[in-house]
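Below is one structure; the comments refer to it alone.
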Amino acid sequence: MKMKTTHRLALLALVLGGTSLAQAQSGERIAVFTKNQTNPFFQAVRLGADSAAKQLNVKVTHYVPTKPDSIPEQMSQIEDVIVKKPDAIVFTPVDYKAMGPAVGKINAAKIPVVNVTDRSEVGTFVAFVGASDYQLGLETTKYLIKAMGGTGNIVVLEGVKGSLTSIDRVRGFNDAVKTAPGVKVVASQPGNYQRLQALQVMENLMQSHPKIDGVFAANDAMASGAIEALDGAGRKALVVGINGTKEAVDAIKAGKMLASGDYNGFLQGCVSTMTAVRELRKLPVEKNVVFPATVIAKDNLAQYESPVESRSCPTWEEAIAKK
Amino acid sequence: MKTPTLSSPAGASAQNASGLQGLWQALPDPVRSVAFRLLALGLLCLALSLASDAFLTTTNIVNVLRQAALLFLLASGVTLVILTAGLDLSVGANVAMSACLAATLMKATGSITLAVFAGLGCGLLIGIANGLLITLLRLPPFIATYGMLWILHGVTYWFMKGETIHGFPPAFRAIGSGHWLGIPIPVYLMVAFLFIGVLFAQRTRWGQEIYAVGANPEAARLSGVPVKSRLVLVYAVSGAMAGLASLIFLARLNSAEGDIGEALTLPAIAAVLIGGTSLFGGVGSVFGTLVGALILTLVLNGMNLLAISSNWQPVVTGVIVVLAVFLDNLTRKGDRK
Amino acid sequence: MHEMTVRAEPVAGVGKLIARLKHAGSASGALMMLIVLCAVFAFSTENFLDGANLVNVAVQSTILLLLALPMTLIIMTEGLDLSMGAVLTLANVVLATVAVNTGGVSLALLAALGVGLAFGLVNGTLVSRLGIPPFVATLGTLGAAQGLALVVTDGQSVVGIPASVQMFYSGAFLGVPAPIWIAGIAYAAFHGVLYHTRFGANVFALGGNREALTLAGVRTRLYLVAVYVIGGLMAGLAALLLTARISSGHPTAALGMEFDAIAAVAVGGTSFEKGKGWLLGTLIGVLAVGVLRNGLNLMGVTSAVQVSAIGLLVILALMIDAFRGKQS
Amino acid sequence: MTIPHDPAAPATPRVPILELRGISKRFTGVQALDDVSFELHEGEVHMLLGENGAGKSTLMKVLCGAHTADAGEFFHRGEPVVIGGPADAQRLGIAVIFQEFTLVPYLSVAQNIFLGREPRGRLPGLVDHARMRREAQVIMDQLGMTLRPDTVVATLGVAQQQMVEIAKALSQQARIVVLDEPTAALSDNETEKLFAMIETLKRQGVAMVYISHRMAEVFSMGDRITVLRDGKKVGFRMPGETAPDELVSLMVGRKVDMSYSRTYCAAPGELALRLQGVSARSGIQDVSLEVRAGEIVGLAGLVGSGRTEVARAIFGADPIAAGRIEIFGRPQTGGPTQARRLGAALIPESRKAQGLALIRSVGENLVLASLPRLFPSGLFSPSKAAAQARELITRLRIATPGPDRRVGVLSGGNQQKVVIGKWLSAEAKLFIFDEPTRGIDVGAKAEIFSLIDALVRKGAAVLMISSELSEIVNVCDRTYVMREGRVAGELARDAMSEEAILTLGMHHA
C-alpha cells in the first residue's frame, strides 16, 4: 500500500511536471488483447495492464476470444474495437503470422499499437514488449543440465506445434543441450501446453523409457502434468517448466519441481500498457523491451511468492532498467 | 474384422445353421453386439502386443486402464442419455465447472468432504438443469446442452479469471493418483461404476423404463412410464457422473483450470458410439461403452507406443467410430428374419 | 441497414420481405432476439448504429453464413454435418498452401473446392448408401479432416498469401465489401434453389417424407449425397473468405465452427425434424450471433460474459419458439 | 409414350389395360406374393380384398414400382412391360393413393400434389409456381376441396390430408389408379365427393384397383372382386354373384361368424369411470359419461368427432381445461402414470406409434406397464419378467417363439395382444380401447373381442372406440355417440342400431 502511494505521488509529480496537454489527456482508453482466458500467464499480463492503468489513470478494456486462441474471433474483436476507436491498443496476436491483416487495419485506423508477448511478424508497432522465448529455453535448460550433473536422459514436452513460443523455447533447449555431450534427448513430443495431454504423453513415454532423469516442459502446466505422471509411477526426475506461474513457484518451494523460466507476464502487462500511455502522452518510449531470462529456483524464490493480484507495477524507469 | 454374421447367408435361421455360426446366430442381439466388440478388442490387443514389446507390460496395462477409467466414467453417464435418444454436449464444460468449484472450496475450507459434495452436487444440478430444459421447455437435447456448454464455460471463465488452483491434500489426490494392490484407484472406480451402471440399466425397473423411453417415448408414456422424470433422471446421472469425473480429474492433475475437460466431450460420445449404443435410442449398454472406452484408449496408446505422429490420432478415432457403427448396421440387418 | 437489404434484394422485393418477416416473425424467437439485441446495443453503445459498424457486423457474419446455409439444407433432411468446421480448416490450409506455391487464386480455390467435394461425397455416401447416422458419419470425417489438416501442415501456419486471395476479403465492388457480395449471392442462390427448384422441394421431402419422394420416382439417395456435397463445397468456398481474412492457413483455424453454424440454424427456427426449415431464419440466426458478439465487444463486456451470452441466446431463442409453438 | 396399336388384334375392349401374370415376391422368410395373376380393364373398379398380410400392400407396391417382383410378367395393353421402379410405373400411368400418407409436411398443397413432377419454369431446374398453383386449383376444384393451394400441409387435418393425397394421384392424369382404403379417414361428405369422382374417372376410362375392408363399398363401388390370402389369389367374383359372408370366408379360409354375440351385462357393477363436463384444448367440450364394471360401453362417432381425444383426456395423455374425471371414485388429475395407478389402461389407436416399443422384445413390452407392480423394490429380475411374459403369451395365445423375439416382427393381431397383455400384467380394471381392431385381420378380430368379453366377465370395465358401427352394435352394452367434440347422445342396448348411431353422429347442416 505504501509502495502504491509512493507511485501515485511519483505519477502525480510526473503529470504535474508534464505539459498541460498530458494532463488533459488523462483517462485515455486502452484496449488490451490477449490470447485466451484459460492460461494463467495471460491473466498475469492482464493484471499487469490493470495495475499500470490504475497508476496512470487510464481505462483498460480487455478483449479475449471466447474460444481460446481463435484466429477469426480475435480478428472480429479487432474490427469491433476499431469501430470504438480506443486511444491505443496493446496487442498479443493469437497467431504471430496470421494476424497481419488485423494489425494492418489497426494501423490504417491510425491507432497506436504496442505488441506484447508474441512478436507479430507483420505490422507497424509503437514498440515490442516481451521476453525472449529462446533465452528462456536456453537458460532453463542450462539450469536443468547443471542440476543433472551434465549427464542423463531428457524428455521434452513441446507446446502447440507451430506456435512461436514453442518453436523458440525448444530451439533454446536444443542449443543448450548441444553444449552438454553427456545429455541425451530420448523423446520430444507435443503436449500442446495442456496439462492432461502432457500427463498422458509422459505416462506413455515412461513405458518405453525406463530411465528418465530430466524433463523439459515448454510451459508450467505441462511440467505439472509431468510431475503428476512421475509421482503416479513412483519415479523421480528433475522437471523444469517455463512461465513462472504461481503453481510452479509453489511446486519449486515444495521441492517437486526444479525450476521455471520467468516469463514475467505481469511486468509485460505493465510495461506494454505504460508504453502505450507514454506514446499517447508524447513521452519517450523504448522500441524494443525484451526482458532477460530469469530462472526461478529455490535460491531466488522469495521475490516470486507474493500473489500476482497483490503486486503492482514498478515505475517506468524501474521497469525499463530490468530489460 | 470378418465376423461370422457377416459371412452368413441372409435368411439362414439359427436352427439349421451349424457349429460356431449357429451359436453366433442364436445369441440375442445385445449380446452379439458386445461379443463382436470384445472380439475386436482382443484382436487389437493381439496386434499391439505383436507390434510393440512395451505393450504387454504391467505398467502399460495399468496405464491404459487408468486412462480408460476417466473416459469410461464420463461416457457411462452419456450412455444413459444416448439410450433415450438424447445427447449431452455439456459434459466437458460440466467437468470444468464442477472441478473448479470443488477446487475453490477445497482451497478455501480445506474440507475434502465439502469439495467432493460440491463437485458431485454441481455436476448433478447442471444435469438436472439440462433435463428440465429438454423436458419442460422441449428444447432439442443437442441445442439445450450446447447452449448449456457455453453458459458453463462462461461462468467458469468468469469465476476462475484465468487462474489455476492447485495443490490439494494427499488424501484427496488419492482418488486420482493413488494405488491399492498396485492398481490405480480410478480403475477400482471404473469397475465399481461399471457394476453399478450395468445393474442400474439391466436390473432395475428404472433402467428398463429408460430403454423403453428411448425405443418409443410415446408408447412408454402411454404405458404409464413417467417419461419426463426419467429423462431428467438420465441427464442428472450424466451430470453427476461428470461431477465424479471432475473430482478424479482434479485429483489426478492436482490442479483446476477453466479449460479443464473441454476436450473430453467428443471422445466420451465417441466411446459410447464405438460401444454400440445407438443414437436413435433404446439400443446399447453400459458394458459396451466400457469396451468402447478401452478400444479408444488402446488405439491412442498403441499409436504412442509405435511412435505414430499424434497428427493422425483424430483420423484414426474418426475411422473407428464410423466403422463400429457400420458393422453394427450390418449385423443388425442380417438378423431381421 | 443499407448493406443488409442488399443480400435479400435480389430475391424478393423489400415489401415482400417485410411481409414475410411479419408473417414469420410471429413465430420466430430469433427475430425477436435480433430486434431486442439491436435495440439494446443501439441505446447502450454509441457506435453500434454507425454505418461502418453495421458493415463490420455483416462482413464478420459472412463466413458463418456460408456454412449455415448448407447446414440448413442438411438439417432439413434430418441430417447433420459435424465435419464442416474441420473441412473448412483443411480447405483453408490446402488453399493457402496452393496459393502460396502458385501465387494465384484460381488453382487454390479449385483445390479447396476439391477438398470440400471429396468430404461431401464421403459424408453423403456414408449417410445415404451405408446407412450410417449423419452424426456418426460426420463425427468420423471431422476427425479425418482435422487430422489431415495437421498432417498437411505439421501444425505450422501457412503464410505468404498472395494479394489476389486477400482481395476476396478486403476488396470492395461498387462500394460493397467483397465478402458481402459473396454471401449475398450465396444466400440468393440458396433461396432460389430451396424455394424455386425441384431440388428444393426434394430437400423438404427428404426430411419431411422420404418415402413419398421415392414413390414419386425421385432418386432420393442421389439428392441426399448432393446435399452433403453442397455442404462440402460451401466449406471450400468459405475457405476462400477465411484464408483471405486471416491471410494464412492454420490447422486449427475453424475447428468447432460447425457447432456455431448448427446453433445459428436452430436459433433461426429450422427444426431437427420433419424437414421444417426456414432459410431467412438462418440469416437472422447468423446475424443475431454476430450482433451479440459485436455489441458486447462495443460495450467492452468481459469475454467470460460473452461466452455465457451466446449460450443464453441459443436457449432463449428456442425457448421463445417452443413457448409460442405451445400457444398456437 | 404412345402404345402401338396392333391392327390384327380383335377390336374388343377386353384387352386389359394392365395384366399381371404369375407375380411372386419373397421377403426374407416370407412369401409375400405367390404366383398372383390379375387383370385390370379400362373403366372398371376392381376390388382387392384380403386380410392384413394377405399380400395386398405388396401387390400395390409392386404395381407402383416401390418393390420389384421376383418373378412374373406385366402386360400393358397386351404389350410386355417392366416395372423396375417408380419412374416406370409413372410412365405407364399408374398412380397410387396410399393409406399411409406420402405427403411432405412443410411443402404447400400444390407442391405436394406435383412432387417429383413440378412444371418446369423458364430456366432449367426452376419450377413454374404460378402454373403449378393453377393446375392444383383445377384438380382441387374437381374434388370440391376448399383449400388454398398455398396452404402448408403440416397445418391440415387428417381428412384434408387424405384429400390432398387423392388429388395428388389424380393430377398424374393416371390411366390406372390404386386406392388403398381411401375412405378410412374421410367424413361422409368427403366420401360422397370421392365416390362421385370415382364415377367420373370410370366414365373417362380410368381403371381402378380399390382396396377396402368395408363390405358396403365393395358391393356399391366394385365391378369385379379379387380376394388374396397368404400371398395367393384365392378367389375372383362378380359382385352380383356373391355375398359378404362368402367373401369373408374366402379371406379367412374358413367360415367366420361376423357377429360377435356375447352375453350382455345384466347388472353393471361399481362405477369405474365418470366424466363430468370435461373440456380440453384438444377439441372436446363438456363431455360427461359413465362406465361401470362389467360393461362394455361404446364411444361412436365420425372420425374427428373427438372420440380419441376423450380417451386421451381420461388417460391423462392430454391435459383437460375444465371438468372432472374420476376413475374408480378417485379423481384423475395427473398424467398417464396416475391413470395407471388408478387402474386404467389405454390401448391406443396406433399400435406402432403409441402402443409398442417395436425394437424391444415381446417380453420387455409385456411388462412395461407393470414394472412398479412386479418390482416394487425397484430391482428388476429378468427371470421373473420372463416368467410373467411367458404366462401372458400362453394366456393370450400370442404367436411368438418366446419373449425374446422383437415385437416389431409379429403380425398386427399378435402385436395388439401384446398391448392388451401389457395392461393385463398391470392388473388394470378399466380398459379404454381405441380402434382395437384397426389393421387386424378378420380372424384375429374375433379373438380380440373374445378377450374383451373375458375382461368384463372378470369384472373389468371397458370403454371401446370403433369406427366399425357393426362392432359397436354387436359388442357393446350401450354406447355414447360423439359429434363435433360433444356427446350427442347415449343409446341403450335395445336402442342401438347402425342407423341410430349414424343419425346421432351425423353433422346437421
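Each chain carries a letter (A, B, C and D) given by its place in the written order, and its residues are counted from 1.
The rule we apply is simple: contacts are C-beta pairs under 8 Å (C-beta built on N, C-alpha and C of every residue); 3 or more make two chains touch, one makes a residue touch a chain.
Predicted model, so just to flag it, every value in this text is computed and none were measured.
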{"item": "Label of the chain whose CA centroid is most distant from the centroid of chain A", "value": "D"}
{"item": "Rounded Å distance between chain A and chain D, as computed from the means of their C-alpha atoms", "value": "73"}
{"item": "Centre distance in Å when chain B and chain D are each reduced to the mean of their C-alpha atoms", "value": "43"}
{"item": "Centre distance in Å when chain A and chain B are each reduced to the mean of their C-alpha atoms", "value": "37"}
{"item": "Mean-CA-position distance for chain C and chain B (Å)", "value": "31"}
{"item": "Set of chain A residues in contact with two or more other chains", "value": "37, 66, 190"}
{"item": "Chain D, residues touching no fewer than two other chains", "value": "none"}
{"item": "Where chain B touches two or more other chains, by residue", "value": "153-154, 157"}
{"item": "Chains touching one another, given as label pairs in label order", "value": "A-B, A-C, B-C, B-D, C-D"}
{"item": "Of chain A, residues touching chain C in the complex", "value": "37, 61-67, 69, 71-72, 75-77, 79-81, 83-84, 95, 97-101, 121, 160-162, 190"}
{"item": "Residues of chain C that touch chain D when the two form their complex", "value": "192, 196-199, 201-202, 204-205, 208-209, 211-218, 274-277"}
{"item": "Sites on chain C touched by chain B in the complex", "value": "126, 130-133, 135-137, 139-144, 146-148, 150-151, 154-155, 259, 262-263, 266, 271-272, 302-315, 318-319, 322-323"}
{"item": "List of chain D residues in touch with chain B within their complex", "value": "28-29, 315, 317, 335-337, 339-341, 346, 348, 353-360, 364, 367-369, 371-372, 374-375, 378-382, 404, 406, 409, 422, 426"}
{"item": "Touching residues on chain A, where the partner in the complex is chain B", "value": "36-40, 42-43, 46, 66, 68, 189-190, 194-196, 199-201, 203-208, 221, 224-225, 228, 231-233, 245-247, 250, 254"}
